[in-house]
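Shared between the two complexes below is chain A, which has chain B as its partner in the first and chain C in the second.
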Partner chain A sequence: MRLEPKPAPGLVSALLYPAGAILATLVIASVLVLIAGASPFTVFGLVAKGAAGSRFALLETLTRATPLIFTGLAVAVAFHAKLWNIGAEAQLYIGGVVTAVLGTGALPLPGPLLVPLIALCAMVAGALLLLGPAVLKTRFGVDEVVTTLLLNFIVLLFVSLLLEGPLKDPMGMGWPQSAALVGEARLPRLIHGKRLHLGFVIALVAALAVWVILRKTALGYEMRAVGNNIQAARFAGIPVNRVLMKTALLSGGLAALAGFSEVAGLKGNLSLDLSPGFGYTGIVVAMLALLHPLGVVVSAIFVAGIFVGADAMSRAAGVPSYIAQVMVATALLTMVTAIMLTRYRIRWR
Partner chain B sequence: MDAIDILLTGSFWVAVIRIASPLIFATMGELICERAGVLNLGIEGIMTVGAFTGWLTVYLGGDLWLGVAIAALAGVAFGLLHGLLTVPLGLSQHVTGIGITLLATSLTYFTYRVALPEVTSPPKIEPFQPFPLPGLSGIPIVGPALFNQTPLTYLAFVLVAVVAWILTRTPVGIALRAVGENPAAVEAQGISVTAVRMGAVAVGSACMAVGGAFLTMSAFNSFFFEMINGRGWVCIALVVFGSWRPGKALLGAVLFAAFDAYQVRLQQVTGGAIPYQVFLMLPYVLSILALIVVARRASYPKALMAPYQKGER
Partner chain C sequence: MDGAMDGAMDDGAVLRLVGVTKRFGPLVANDSVSFTLNKGEVIALLGENGAGKTTLMNILFGHYLADEGHVEAFGHRLPPGEPRAALAAGIGMVHQHFTLADSMSVLENIALGTQSLWSLRFDRRRALARITTLSRDFGLEVHPNAQVSDLSVGERQRVEILKALYRDARVLILDEPTAVLTPLETEALFRTLKKLVAKGLSILFISHKLNEVLAVSDRVLVLRSGKIAGERATSATNRSELAALMVGDTVTEPTVTDHAPGETVIELVGIRTTGRVGGAPLDTIDLTLREGEITGLAGVSGNGQAALAALLAGTLRPDSGTIRIRGEEMGEWTARTALAHRIGRIPEDRHTIGMIGDMNVIENAISESYRSPRFSHRGLLDWKGAEDFARAIIRDYDVKCPSPRAPVRLLSGGNMQKLILGRAFDGAPHVILASQPTRGLDVGAVAYVHAKLLEARNRGAAILLISEDLDEVLALSDRILVISKGRLSPPSARGALTVREIGERMAGHGFQEEGGIHAA
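Let's turn to the complex of A and B:
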């Protein structure tokens, strides 16, 4: 068999194949639900209800989507330039560390000054963390996939070290967690008494900003040129290495904002369970959105809905909530296949 | 006991070889895939699947070797999926590999919860026991380390020799290497690039899965979540460190394991003066440093990560 590029993917196939991908994901998940001894219709009904069936559910989904928008954007930016940043998890945690260090009373500033300053410092830390692998890639030819993956483990151990040492909350009853943030450092809640916080709005603004950078600036053009064909970009006189550096800084900074927003907006302190894999899920979010920054918002909410819904479903129907991770991973694989099929035709001989 | 004495104790070298064994399996698996031109980032998830399926087979009453076979088959299944998506369909090997890892890991955890809904502590199995090789196991230090290990460890070393022999001395190996260097030339010989790459990814993934199974069936005796803990990613670094050669990769795995075993013992010697996380970080830091050292002169397979389409240039 061989692949043949289609002249121009029609609207029908552009919609049909992704719809097929979602259908295939649901079919595979249904089989697993049946194996677990439950009815797929009941389970999917409970997932949908748990994700969007009430005002509480919907707000919870948006809250969960917030870090995923940031990590999804981080991955989308990096993948645009084919910089394979698999280390959003580490950059997220570094953002959380900076927030916990600066937000627990180290800086006596009023909120309107303190919060942006912390966000900026978190971004710088995350950006520098990804700059390392980017420099190793451009200067020494070290594959950034492996270095960013390994850094995830290093940073998590570093956070654990901090939480059992210098950042440990003296009032924490021995739990490895930081002290609570001071009131001035917290992101306000959007609705009184609900968990959704200002971080969600910042995430939306970030998505818009990334869209502008990618579509309307020279940097965005250069990033796509590098991603499409690095040799051609080099011949065209684009400073490839410098573009990759800027991409790394932007991507790392965005992922760090996820950690900032979770600590300052939701948790109020730093702990080792800050992220249940938001960095890795960000890859799925970005790919489902075809790396489009505004699409990232939609896919982050969709993926968050599956996770929040599956938690609720698991409590009610007894099917393990890991089904959500399986669905998200399956959706990633079926969606990349679907996108390929919209662009190529399979010739069997 | 001080820091140097550790290196002279027999138990240290026994631990080194035990820690190296799963890495050897998985590194050989990744090496086979990459020599054929396919990066397999599914390694971390495939090791998880192997660890779980091997253990589950024995837990459900199967024989230990049946467990190894089932683990290998599970590895083949995920390898074929990765191969199907990246070889004939030519999808991004990075994205697909990460997707395979996410899928394999979550599917394992889901199955674990479905199969054992009520367990609080991980159930134990009777793992492989050390099998002293008569005569050789009596040699001081070297004997216990190399000749009083479990059968799976011996298999790991045999695997390195077999992989090296196949790659350099057999037509299959030559085809496999050629597919990773110059696929068009292989196709011109009338050999299917797709078939060779698919086969390599399937076999390589089986090795990775057996590496995972080593953890639950030989090193430990139960399955717990996140037990692979980045070993797969370390193996990817080891393949680069070993310049895609089985012998050098074996050396890398043993060096890495020696370092890992050493840091555990050094923790005890320093008695908590340095936080234990620093020691746990060192193997990962070492992997990155090793990559930096070798990256400049690494001669990677020329067609690595390049999908091949018949008739396309």
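Let's turn to the complex of A and C:
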């Protein structure tokens, strides 16, 4: 078996392959569902219903998608410049820490001033967290995959230290969580009595902003040039290292917004279960969207829907909700395969 | 070694290609190619870049699968797509780019892959004896215990040939073997080939250089656009006939009219560089480029051309020495400074350095000027203006592309080079760095590039032409320099040196011992 390059794919095949990828995902997941002793049609039906079958389900999916849009955008931005930021999880937590520190009464400001200020500080903190690996990469050639990945554990332990110490809520009955945010620091709910909050709107605006940056600005052009061919970019006089730094700042800032939005919008305080791996899932979200910022919104909602729907399905059908993880992972693998097939032809013998 | 010949069939045919066709998408790289190689014969496969020579060799050796046709060795059909079967059948290949492990010794490289992975014992003494015999018999001198990274290019090639002979190769395929050799090394290679043939080996010699083909072969096959355009006995043909067959037309050489050079534009004084570019670093060179003059730089690949090109392009900073442009000493030296001082750059490798394959024609067209007010306002790019610019290049330089929005990886080498010319010549540069500007191009594109370079010279640009193709340097240059081991020879006016003299300089003769020779 061997691969041979193929001319550029037409529009039809560009749409057909991803559709095929989704179909393949369902087929593969069906096998597992059958092993679990349920009917795939029932199970997928329940997942879909649980994700979008009611107003409540839909709002829950969008709520879950909000942090994924931010981390997905963070990864998409970085990957465009081939800066392999695997540390969105850490940047998310740092954003959460800043929000908890500044939002629990430290700054006596009115909401319209306080919320943007906290968001900005969270972004700066996340940006600086990714700047370190970027400097190590550009100055000493240290692989950022390793540094950003390991920082996730360091930051999580750091957060745990804070929550057992200085940030620990005195009224928290001993739970490792911070005090609740003051009212002024919180993001308003979009619909009264529902969990969906302003963070979702901010995420949509962020996606649009990232799209503009990538497509319309000189910086976005530089990032794509560096990512596509770093040697050619250097030859053309693009300041490669500076571009990578800017990319790191932008990516880290976006991931930190996920933490800000979860703490200020949804949870109301900082705890160690702030993120069930939103940073890592952001990588899947970005890859499924082929790194397109507006596609990130769609794929974040898709992935969130599978998770939310699988929870509901699990209660009703008795198939473990881990099927969601399998489906998302399979979707990533089939998607990557589909992308390869749009560029190469497989020849058997 | 003699025992290796016993298996050969008596009818004389050792290798036969039958109707080999290979397509890549719409491109037909080989179109029903058939020929027979006989025992003790040297066939030269002649053709331009892109004529399909390398594809054919890859099919022969099992790297590619043919769409139609097959290969026979010693009367047996080779299973397609299996390099191991080709090796077992006695076909040895010496690639244009060597396939040696740098950190291992010559002996280890040669024996590599001939041993079963499961065998624990390696009979070093026997291997050594065999290699020594082979290298003595065929004039392939090389020290078996030397580490490959310490060897010169010519020595590495000998190791490659030894590697094939060690495996009892009875057919040797050499892909552009002289591209990296000095004229003297080339002569030595030809002597070796004669000895091999005398021992009954057969050789397939791939080249695009007419002189070599005439010197070494018994029979010439000319490949053009994937087809065999003609077959001639070497004794019954000549340069012009072969050239016409190769191109399918008579080619007009560029005409250079003498004219006096103008003022000095750029001066390099006592430049030294270190590493990171590949090839030799520059060892204290002086170089002056003048208006309306093409300075040709001849030399064997890897002798400092890459460093000099990177230096002029602004991607390599000198360790010591001075760069002066119109008398002004350059402080900071980057690609941007070079562009700001109107140096137009044609890089050696258009695929990896000149162009960003997955970005489109427009994006590649503006890669050196996107920051200028022409294309960006307060950080926002003017894509409309950029597209107009790209369309202007497409029109003026006759770039054939599906659309300005097509990724440049879909463009042919010639069209990519035209796009690079359009980008580099934008704004009438004062200095032009042309590094291997015609490598891999077909004859039409070569003529186009030459014409554009001469046009730029005639309007007053100072041009440095770096080329491994001596004929190109001789045809275009107003004066010629030779680079060897990072040092420059003194310049000679066109016609002042014979090819042989240049060849000797390329081999490193005629240089002062320390500090290099300073170009006047």
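As a working rule, the second predicted complex is superposed on the first by the 344 of 349 C-alpha atoms of A that agree within 3 Å, B and C clash if a C-alpha of one lies under 4 Å from a C-alpha of the other, contacts with A are read in each partner's own complex, and residues count from 1 in each chain.
In the analysis below, a contact is a pair of C-beta atoms (placed from the backbone, for glycine too) under 8 Å apart; a residue touches a chain by one contact, two chains touch by 3 or more.
In this text the structure is predicted, and so the values were computed from the model without any measurement.
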Chain B versus chain C as contact partner of A:S39, first or second or both or neither: neither
Chain B versus chain C as contact partner of A:S54, first or second or both or neither: neither
Touched partner set for A:A236, first chain B, second chain C, both or neither: second
Partner chain in contact with A:L161 - chain B first, chain C second, else both or neither: first
Contacts of A:L332 with chain B and chain C, given as first, second, both or neither: first
Chain B versus chain C, judged by how many residues of chain A each one touches: B
First, second, both or neither for A:A225, with chain B first and chain C second: second
Set of chain A residues, in rising order, touched by both chain B and chain C: 2
Residues of chain A touching chain C in the complex: 2, 4-8, 216-219, 221, 224-225, 228-229, 231-239, 347, 349
Touching residues (chain side chain A, partner chain B) in the complex: 1-3, 32, 35-36, 84, 86, 136, 140-143, 145-147, 149-154, 157-158, 160-161, 164-165, 280, 283-284, 287, 318-320, 322-323, 325-326, 328-330, 332-333, 336-337, 340
Residues of chain B that touch chain A when the two form their complex: 41, 81, 85, 88-92, 94-96, 98-100, 102-103, 105-107, 109-110, 113-114, 117, 194, 229-230, 233-234, 236-237, 240, 275, 277-278, 280-281, 284-285, 287-288, 291-292, 295-296, 298, 309-311
Footprint of chain A on chain C - complex, ascending: 24-26, 65, 81, 313-315, 334-336, 338-339, 345, 347, 352-359, 363, 367-368, 370-371, 376, 379-381, 383, 406-407, 410
